[in-house]
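Naming follows writing order (A, B, C, D, E and F), and every chain is counted from residue 1.
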Amino acid sequence: MIGQSGIAVKHIIRADSASVAALANYGVATVHEAMGRVGLLDAYMRPIYPGAAVCGTAVTIFAHPGDNWMLHAAAEMLEAGDVAVLGTSSDNTDGMFGDLLATSFRARGAVGLVIDAGCRDTAVLRDMGFPVWSKAVHAKGTVKATVGSVNTPIICAGALVHPGDVVVADDDGVVIVPKLHAAKVAAAAAAREAKEEGTRKRLGSGELGLDLYGMREPLAKAGLKYFEDEAALQRELRS
Amino acid sequence: MIGQSGIAVKHIIRADSASVAALANYGVATVHEAMGRVGLLDAYMRPIYPGAAVCGTAVTIFAHPGDNWMLHAAAEMLEAGDVAVLGTSSDNTDGMFGDLLATSFRARGAVGLVIDAGCRDTAVLRDMGFPVWSKAVHAKGTVKATVGSVNTPIICAGALVHPGDVVVADDDGVVIVPKLHAAKVAAAAAAREAKEEGTRKRLGSGELGLDLYGMREPLAKAGLKYFEDEAALQRELRS
Amino acid sequence: MIGQSGIAVKHIIRADSASVAALANYGVATVHEAMGRVGLLDAYMRPIYPGAAVCGTAVTIFAHPGDNWMLHAAAEMLEAGDVAVLGTSSDNTDGMFGDLLATSFRARGAVGLVIDAGCRDTAVLRDMGFPVWSKAVHAKGTVKATVGSVNTPIICAGALVHPGDVVVADDDGVVIVPKLHAAKVAAAAAAREAKEEGTRKRLGSGELGLDLYGMREPLAKAGLKYFEDEAALQRELRS
Amino acid sequence: MIGQSGIAVKHIIRADSASVAALANYGVATVHEAMGRVGLLDAYMRPIYPGAAVCGTAVTIFAHPGDNWMLHAAAEMLEAGDVAVLGTSSDNTDGMFGDLLATSFRARGAVGLVIDAGCRDTAVLRDMGFPVWSKAVHAKGTVKATVGSVNTPIICAGALVHPGDVVVADDDGVVIVPKLHAAKVAAAAAAREAKEEGTRKRLGSGELGLDLYGMREPLAKAGLKYFEDEAALQRELRS
Amino acid sequence: MIGQSGIAVKHIIRADSASVAALANYGVATVHEAMGRVGLLDAYMRPIYPGAAVCGTAVTIFAHPGDNWMLHAAAEMLEAGDVAVLGTSSDNTDGMFGDLLATSFRARGAVGLVIDAGCRDTAVLRDMGFPVWSKAVHAKGTVKATVGSVNTPIICAGALVHPGDVVVADDDGVVIVPKLHAAKVAAAAAAREAKEEGTRKRLGSGELGLDLYGMREPLAKAGLKYFEDEAALQRELRS
Amino acid sequence: MIGQSGIAVKHIIRADSASVAALANYGVATVHEAMGRVGLLDAYMRPIYPGAAVCGTAVTIFAHPGDNWMLHAAAEMLEAGDVAVLGTSSDNTDGMFGDLLATSFRARGAVGLVIDAGCRDTAVLRDMGFPVWSKAVHAKGTVKATVGSVNTPIICAGALVHPGDVVVADDDGVVIVPKLHAAKVAAAAAAREAKEEGTRKRLGSGELGLDLYGMREPLAKAGLKYFEDEAALQRELRS
């Protein structure tokens, strides 16, 4: 069951590295659209500094409020290119992660952290260039008393994350791409970006989306009425 | 009625350009005070990057949760110097606006966006220097299925906005100046700023506001008692 | 009683300057840990610009919602190295503090502000380099009608603050060190930092916290079971 | 301008009593739909006891945080059948209204209160049967120091309210009917309710909305695909 | 993928009726504990009236903000004893469900609704005795424009729900029991309740949990020190 | 220091029973006013059922997020008429308290609980008539792993509470009366209530607070201007 404690899985199957490399070319919004508008974490997950961006494979952590023990257990499972993703058994903003763990995670090859709880030492993390997306920034210390799990499926900020899934994160937030769909989503993102390039040019030249996307007729059918000005509108409302 | 859907007004009366130019010299706090302490949007409206600042005329948009169709319809009404202002029929944080719409809006002359919903592609918008004030940053995509309105009065983050009103926004948030009062408010802001200059110098030299503003007597009348130190206070409390 | 209005204490006993100077070397997280994991303000208190950091002695202010009168009264009590700390009688996000008060506070020697309410003129404050930690950024103006207190014990964002206590604040938030414990806490912070230096090196070389902290046996005792891979876990769950 | 202080209008034009009486027959949801899905206050406005329900004409109050002076000024303008509606200049949860003011309001003929701030003495108000919709229940006392306004247009919990508008409130929240539209909205509500009666019967007999509303074809066009069971879905996804 | 739109599965495998009947004997807290402390929805999910309680099998609905179309599509799949459970693609508080849908759902055999969005007509629902757990009560109407899904896995208020899972809900909130584990969880709940009966009696007679659970030694080991009184504590702190 | 863990004080000095008995006659709002408008807990603290009311002496508990061990340790210190008051080291909504602990607390003589965290088994607690004021209702279970303290000063929902202080709680929330001031506050509450009785009668007869409190002149001085009607106001604004 999701949220079961006491399990640590050592070796996981990660999304193929070609797909991860491909997905690294796109922003969170593009990947989310390419998946069919799914996979986002809740809007409260924010980067600890502007410009943070990462794409990697998930090592998942399930932890309890006020307890960061499992982050230490997870360090052992981290490989080059991994992003640790932590969900909790209940609402918590404690600073479970700081510069010591970041030093350890980086030494193991990890490239970032997504944590549905708090983060601290954020000035140092910014200087290190170790990106973190968190629910809060808070210095609150934690204990190491209760076991959770490592590399089991978790729910993090409203999203289901399996070990090995692709994590794409930037200023807009975080999106999870299931490992089985990574190649397909990367292709769809590429196609979307290619198409958007042309659209961007036409919009940049002043062409309207109304015309470019053919929206005028659907808008009229859906009931949008145009009025020359406020006076015309008032005449209609009074009639 | 506020919130009526299905209306798009093509030509609106904007605040006079001299007043808009004048108001551009002042920050949100100064303009808010010059209006008699009114006109602010709620505190949850934040710029998507620090240092964002804009002053322009409002093209208003009324949209429904999860639906950004009206932003496309509004693009057609935008003119040089406009700021799009979007209110919704209910609470929503979806990313209704991103870099494609920003490209379109900029091509039409718009200089910013105020949106009581979410914004995405924020890294690109920051690089473009296209300022947005929003309720949330979220990559969540939206549909184009339900019509709202363009250029009708709206409520955005607790403030009433009419088409053509002046929008002043900076790091402190957003204030709306009704177009009819724009000239008067610009003059009051100038007067306030002039007066504050002298005050700033005196305060900067170490003079106290207590003396400068003549507050000592009113404070005493209102019941403030001074004690030399903690010991004196304790003696009083025991007596 | 906490929250009593009408009292202004002129001279307070501040934490000794050597301890304040010593504490200035450490971040909020380190000081909080050195105190035994206490003293933090709530997580909603955020700096108005990244990189803000301060260490000083508290001049406390008790104010009422929408009323910044006491900030003016407090200016008189500020000395070099002080940090003003403001608590309110109820929830409020009004912009009680702006650039004029910052100019005044700085002229009196103050080095920062911690305010459980709103702050405005934040772009100017950032340019001035006057750090503020607040609950909100909002331009909302305030009145000067109701007296509170200066230099009495207050509760600010969930923490008890006495006049003269040490205030340490950075990107992670704010921690209060009672003046009587300042020297002891500074020493504990130094010890902690010294110890962490060695830990950081070992973690940076790839050594695991599991080994460094001797966590393997406690984790096993607490019930953590390791599985080679997902397949091994599934076998166990089915058995 | 919305939010101007210092104005008290003695006599206002109220919605006609027949329309008010007619609207009293319908719930908030029905009235909101009959208006074209507009006019609701934000979802955080809740009744202080279950079963509270009222329909009356608005006497509007604009007040400042922590200050309930204007409620006393408003008492004088209340007539039989009025509902006081209070908006504030900023976020506040103080208990501006309690049993004494309720006694006074009732003596003047008022039948309820809608307040975008706090309420107290709620046990007594429940016993009195004086319904209040508020943002918070809190005992926090307030001052009488700063003037606001009575009977000017206000924004209350995201809705624009003019003096004399109809206020309909029940367990679902609060809706405002502009006085000019009251008769039309009452008629539309009656029509809606009549139509719903038949719908209710058919749905109650087990008929599906899909058939009753003719949704099957639109759903198919919009892309909904039916699968006999999970196995059929899996076959499709794999193909 | 979780959150895919456009799918409606007609026939699902439900938890066995004996397990459902057994689980109906226990409260949410007991079932949550019996599962190993997992399965709860977030704390913001509240019943629309006190005393609401239900136990049934989940028909899942995935819907978009401001759009209740899928509730109609789901009605067709409801059978006796089902509880509809709705998750959304983003944050929304609109009143997607009211008395007409409740009439339809009940006619189909459904015994309740869990909705991560808003609910309306709550007074009528209370009178009908149709229990709903929701994120908000709000009268806001919705459109029928965008398809979601019925009977696919969803995330609702932070919990993963599969079609056919058991939903147990009461005044404490909502817990989901995966259908495969239903029998085992029901047995564990029975065992827990049996054991608690004895504990309750002993605690009711004044026996301390400290003794009953043997906590004195572990507390001492974990560092809890007892002091006769405040004076003894002060002596220790000073020594 | 506030928030120190590892301390349990067995015997405390409680407010004198006569004062507690006297304070039991008044509501939270009255007691708060009688104290000079201080002592309230934050507005988010709500009773788990309507009509809950209690007055007793505080046994304080300091606990960590997700850990209810200290509630068991506190049970031993409870005496007849006590109200347990729990503060935490950080934000938490877990259900630390349920019917078993309530049975134990009641057996020891306790008459209620105030908990800055979650509560569960609320239906049973309501049936037992054991009143609880909490930050949340949630079934989430907790561990017993980390020691906090019993009968040390705590901060609970923004208020400072010492062991033995008087806790008054009702539908309006919770107020803490320091034990040293209990007699004085009880007397002030009695005086206030006596005075309000006369006021209530006069207001109930239709007399205006404006006249009764002599507010007309102060309002005029503070700048309130009266207008006969909307037309008169418009004339003034245009002049």
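FYI, a contact is a pair of C-beta atoms (placed from the backbone, for glycine too) under 8 Å apart; a residue touches a chain by one contact, two chains touch by 3 or more.
Everything quoted here is computed from the prediction, not taken from an experiment.
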item: Contact distance in steps, from subunit A to subunit D; value: 2
item: Any chain that touches subunit D and subunit B; value: C, E
item: From subunit C, the most remote chain by mean C-alpha position; value: D
item: Remotest chain, subunit A as reference, centres from CA atoms; value: F
item: Chain pair equivalent in interface to B-D, over half of contacts matched, among A-E, A-F or B-C; value: A-E
item: Between subunit F and subunit D, distance of the C-alpha-averaged centres to the nearest whole Å; value: 29
item: Intercentroid distance (Cα basis), subunit D paired with subunit C, Å; value: 41
item: Multi-partner residues of subunit A (each touching 2 or more other chains); value: 5, 37, 43, 89, 91, 93, 138, 140, 145-146
item: Those chain pairs that satisfy the touch definition; value: A-B, A-C, A-E, A-F, B-C, B-D, B-E, C-D, C-F, D-E, D-F, E-F
item: Sites on subunit F touched by subunit E in the complex; value: 5-13, 49, 69, 72-73, 75-76, 93, 95, 98-101, 103-104, 106-108, 118, 120-124, 126, 136-141, 144-147, 151-152, 163
item: Sites on subunit F touched by subunit A in the complex; value: 64-67, 89-94, 138, 140, 143, 145-146
item: Contact footprint of subunit C on subunit F as seen in their complex; value: 1-5, 35-39, 42-43, 89, 91, 155, 158-160, 178, 181
item: Interfacial residue positions of subunit A with respect to subunit B in the complex; value: 27-29, 32-33, 37, 40, 43, 46, 50-51, 53, 170-173, 175, 196, 199-200, 203-210, 213, 215, 218-219, 222-230, 232-233
